[in-house]
Amino acid sequence: MKIGMIGLGKMGYNLVLNLLENQHEVVVNDVNPEPGRELAGKGAIAAESVAELVGQLAKPRVVWVMVPAGPIVDGVLEGLSELLEEGDIIIDGGNSQYKDSIRRSETLGRKGILFFDAGTSGGMSGAQNGGCFMIGGDKDAFATIEPLFRDLAVENGYLYTGPSGSGHYLKMVHNGIEYGMMQAIGEGFEVLEKSAFDYDHEAVARVWSNGSVIRSWLMELTQNAFSKDPNLDEIRGVMQSSGEGKWTVQEALDLEVSTPVIALSLLMRYRSLENDTFHGKVVAALRNEFGGHAVVKED
Amino acid sequence: MKIGMIGLGKMGYNLVLNLLENQHEVVVNDVNPEPGRELAGKGAIAAESVAELVGQLAKPRVVWVMVPAGPIVDGVLEGLSELLEEGDIIIDGGNSQYKDSIRRSETLGRKGILFFDAGTSGGMSGAQNGGCFMIGGDKDAFATIEPLFRDLAVENGYLYTGPSGSGHYLKMVHNGIEYGMMQAIGEGFEVLEKSAFDYDHEAVARVWSNGSVIRSWLMELTQNAFSKDPNLDEIRGVMQSSGEGKWTVQEALDLEVSTPVIALSLLMRYRSLENDTFHGKVVAALRNEFGGHAVVKED
Amino acid sequence: MKIGMIGLGKMGYNLVLNLLENQHEVVVNDVNPEPGRELAGKGAIAAESVAELVGQLAKPRVVWVMVPAGPIVDGVLEGLSELLEEGDIIIDGGNSQYKDSIRRSETLGRKGILFFDAGTSGGMSGAQNGGCFMIGGDKDAFATIEPLFRDLAVENGYLYTGPSGSGHYLKMVHNGIEYGMMQAIGEGFEVLEKSAFDYDHEAVARVWSNGSVIRSWLMELTQNAFSKDPNLDEIRGVMQSSGEGKWTVQEALDLEVSTPVIALSLLMRYRSLENDTFHGKVVAALRNEFGGHAVVKED
Amino acid sequence: MKIGMIGLGKMGYNLVLNLLENQHEVVVNDVNPEPGRELAGKGAIAAESVAELVGQLAKPRVVWVMVPAGPIVDGVLEGLSELLEEGDIIIDGGNSQYKDSIRRSETLGRKGILFFDAGTSGGMSGAQNGGCFMIGGDKDAFATIEPLFRDLAVENGYLYTGPSGSGHYLKMVHNGIEYGMMQAIGEGFEVLEKSAFDYDHEAVARVWSNGSVIRSWLMELTQNAFSKDPNLDEIRGVMQSSGEGKWTVQEALDLEVSTPVIALSLLMRYRSLENDTFHGKVVAALRNEFGGHAVVKED
């Protein structure tokens, strides 16, 4: 089918390659014209504007939005809502907060535009070669876009999840689990690193990737990482985060679900952003106050 | 080659099947004669005693011990040490504490018996069809037994890890990671279970098993579990543990490594063993003391 | 001075006693007429309605609102805002969310009504005999109400904290710390309870209340609780919560502050509300899947 | 009474002052002669050796040992056990591991020497002016030394806790709670530090020390610390630990008690010893692997 793709960053660009590989026609647009030009050389149709992109599509139009979560999505959707018509379809494939997706679905729904929140997992390689998609929105209209997901996903790699918001919600929780798994893997290797034995991290990640209970794509990626930098000497342990882990914890708080591992995975990421902590200063000062224990002075 | 297997429980039994499938001769023994008889029907040689088992082997004899961790291992090793001779080899494939393995290696080494601690992962299916093995012990002697592991493991699924203890140490940390991963998965599904959306847990586990960042054997097993009992209504959330997670945390404490996720995974297992907690009583009583907040009375 | 008090629950009632003891005139009102009648017998002036209460006060009127946090506060404030005039003062002494307090201050400020958010700590006994108050709002107007706090608080027990919201914010964080302290105390006694020694919990709490590093009002209250029920056999360890701990964690997430102890204190409270957990079921099911480990069946 | 004190560090020195103030005769000894000379100027009897110290005492001799926990204690006890006789008493007032105390009690008991493990809390000021003592050992013999504790402790500030080990065990758990309380306080102030409001930390600690639910000696010490260095700019947040918190967690693991807050307080101390973490590197590398997320390079 013919589809528009707005946003040609790491994920959007690779999704377009995937769609082209699967014989879809893709009209592409990005605020930066460069990736559109590149994709034009690989079979996509580059549109210089969102209006031009919409103009290239036939009704019911299908536009996939793959831009950074937050107000940028709202901006793109506002623009699209003026260009699209009743029965047209927008797919937000980014990492939007599910409450935003519910709101956007309602807003667009008032104009008859069908909105799908499609959580996308699998990283850049998944986007290009077959990923995992969790899609919320109108069930009947899903039939229209299901062929796209059948092609973009690996086998059994897409799921219609229910009403609007349910796709991004599921992706949010997926990322919460991902945080926990990554932290668990990291902690395990830190124990190995400090142990009295002299393990080859890459070899460990390889053997754990083959036949073990913890074999997983993340473990394979761990092996990849160690194959390039055996002790990760070149990078710092600064763990950024982009929202979904935090939202999972916030949701758990609202639902009164005890999620200590996901919560701690997030809190250790925050801790990693600091060179020193105020709570540490307070505790150190207290030890000095009651016990006369030495403190480490600032330089 | 020809090998003895002592201990024919869930893991030992399946390892024997695996060895037989790979054309090894296996002399088997267990305190319970039944599994030995069964395996005899599948090509193994059943020995009625450890002495008979040892008697069936040629030097250098190789005996794999697959019995429950703890004093039972010591008992079996003491018996073997009187029957075996210099140059013979014992493999402990169970979940022994690595410090015990170091001690046992030293004790047996005084008699010239070579001891290997082989951490085994992959569950029962891995034991039968190809698992993951992490083996510590004498490097030169490892060549003698390497063919066994080449056959028992999936491709790239075994690793010589270094001196005695390093195999079980690596398996210990593997299980620590496993605890963290399982708790992360569990927490994620608990959020889904309590969410306003109506997810099909099996379908979620399936889509997450295909193409997602968190695809893993554990997620496939999660799918299996939900396929049998869609909401796990039939079981209670009692999370037993068998030592390795605790040992990982103890090791982390000794190394002063901060492992919050592995530690919390363990502590939540302990919490799951209780119907009520004393700390909860204290907190509830305190809230009543200062704020007059109602407490829940015992029946 | 003369002051109105709306809300005569556990805290409001005791604050009125405290004010009366300090020679203030207090006009009281509550949706339930009973406590007002009681207080009238102790020197307060019972008003049958908020309008009557306001009518009894001279300008600038000072009304203390001590009702449950949430929409009830909004309802009371809306009623008051129609009755009060420019220059009048409202104090919210409850546990309101600080963002609500900022919003309410702005709304009332448009009518010239001065709003103070007064975090109140010390429990019922503190309310009656001298508590701790953290007050945010207009600095100049604070001088008008400072005499109240000087009388209600213990020595050095009140603080003007800055602009609107800062009082309830400080109370929120106070309660976050309180959650952590209480959980720490509870955990300690749980270790003692399960230890091989046979401690007398009340005696322990008493000795820790006298001269130790952890001496604190909470430890004294722990002693009180054990003096009434030596092993807390009569109550269940269900740990309710009323918002401030959750808000502290939410705030920490927004500020990207790592607060593992406060977060876990909250999550263990949520855990205590459950007889069983879904995460536990998932983990138990997984252990069964890969290792054949027995599960505990539901009855 | 007359008593020997071996070990004149921060705690021992102040205990001697306290004993002298209470009209006891104290024979003192330390590997460093300086504090003994100082104390001699204040009424103590300085002994140049342990033998001389023992020689100054009458039977039943009472010797208080106040040296760093670990092998130094064993060394001192071995020396004493050759000098003391049946019926003599040794008090270990340090932070020894309770299992060591049980062992030492048994060893000394074989010679008829009575050993008491006396957990000491209250810091240096408590040692001098009135502290908190938790004493395990022989119940009958305790009567002999009880007058010492009556004088050294604040009112209700000592407790005979039961058999050998129970005193140091209780002190261990006390310190576990202390870790949790300190971390909770630290986290609260870190939230304040990063909040949008501009709190005066010292003023906050002062108001929380007066009338609040969290009033405590630790909060008073927090106030002291901020009074000297308002934002703790002069020190780093490096949180050392000296064993008891770790032992509490180890004990909790052995008892299968879920103690998340005490455990996390300890793990955050370990985290504070690091400038960077290996687990952080692994997580950062993984985010880069699957999502192309930027990493922070090592300088």
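Read from first to last, the chains carry the letters A, B, C and D; within each, the first residue is number 1.
Assume contacts are C-beta pairs under 8 Å (C-beta built on N, C-alpha and C of every residue); 3 or more make two chains touch, one makes a residue touch a chain.
If you're wondering where the values come from, they're calculated on a predicted model, not measured in any experiment.
In summary, the interface at A-C recurs among the listed pairs C-D, B-D or A-B; the equivalent pair, sharing over half of its contacts by residue number, is B-D.
With chains reduced to the mean position of their C-alpha atoms, the one farthest from chain C is B.
In summary, the pair chain A and chain B forms a contact in which both copies contribute largely the same residue numbers, shared numbers making up over half of all those used. Centres computed as Cα averages put chain B at a distance of 39 Å from chain D. Centre-to-centre spacing of chain A and chain B amounts to 33 Å, using the average Cα coordinate of each chain.
Annotation: 48 Å between the Cα-based centres of chain A and chain D.
Each of the following residues of chain C touches two or more other chains: 122-123, 183, 185, 187, 190, 194, 213, 217-218, 256-260, 264, 267-268, 271, 277, 279, 290. On the chain A side of its complex with chain C, the touching residues are 213, 246, 249-250, 253, 256-260, 263-264, 266-268, 270-271, 273-274, 277, 279, 290.
Interface residues of chain C facing chain B in the complex, by the touch rule stated above, are 10, 122-125, 182-183, 185-187, 189-190, 193-194, 217-218, 221-222, 224-225, 229, 232-240, 242, 260, 264, 268-269, 271-272, 275-298. Of all the residues in chain B, the ones that touch chain A in their complex are 121-123, 126, 130-134, 153-159, 161-163, 165-166, 169-170, 173-181, 183-185, 187-188, 190-192, 194-195, 197-199, 203-204, 206-219, 248, 251-252, 255-262, 264-265, 267-268.
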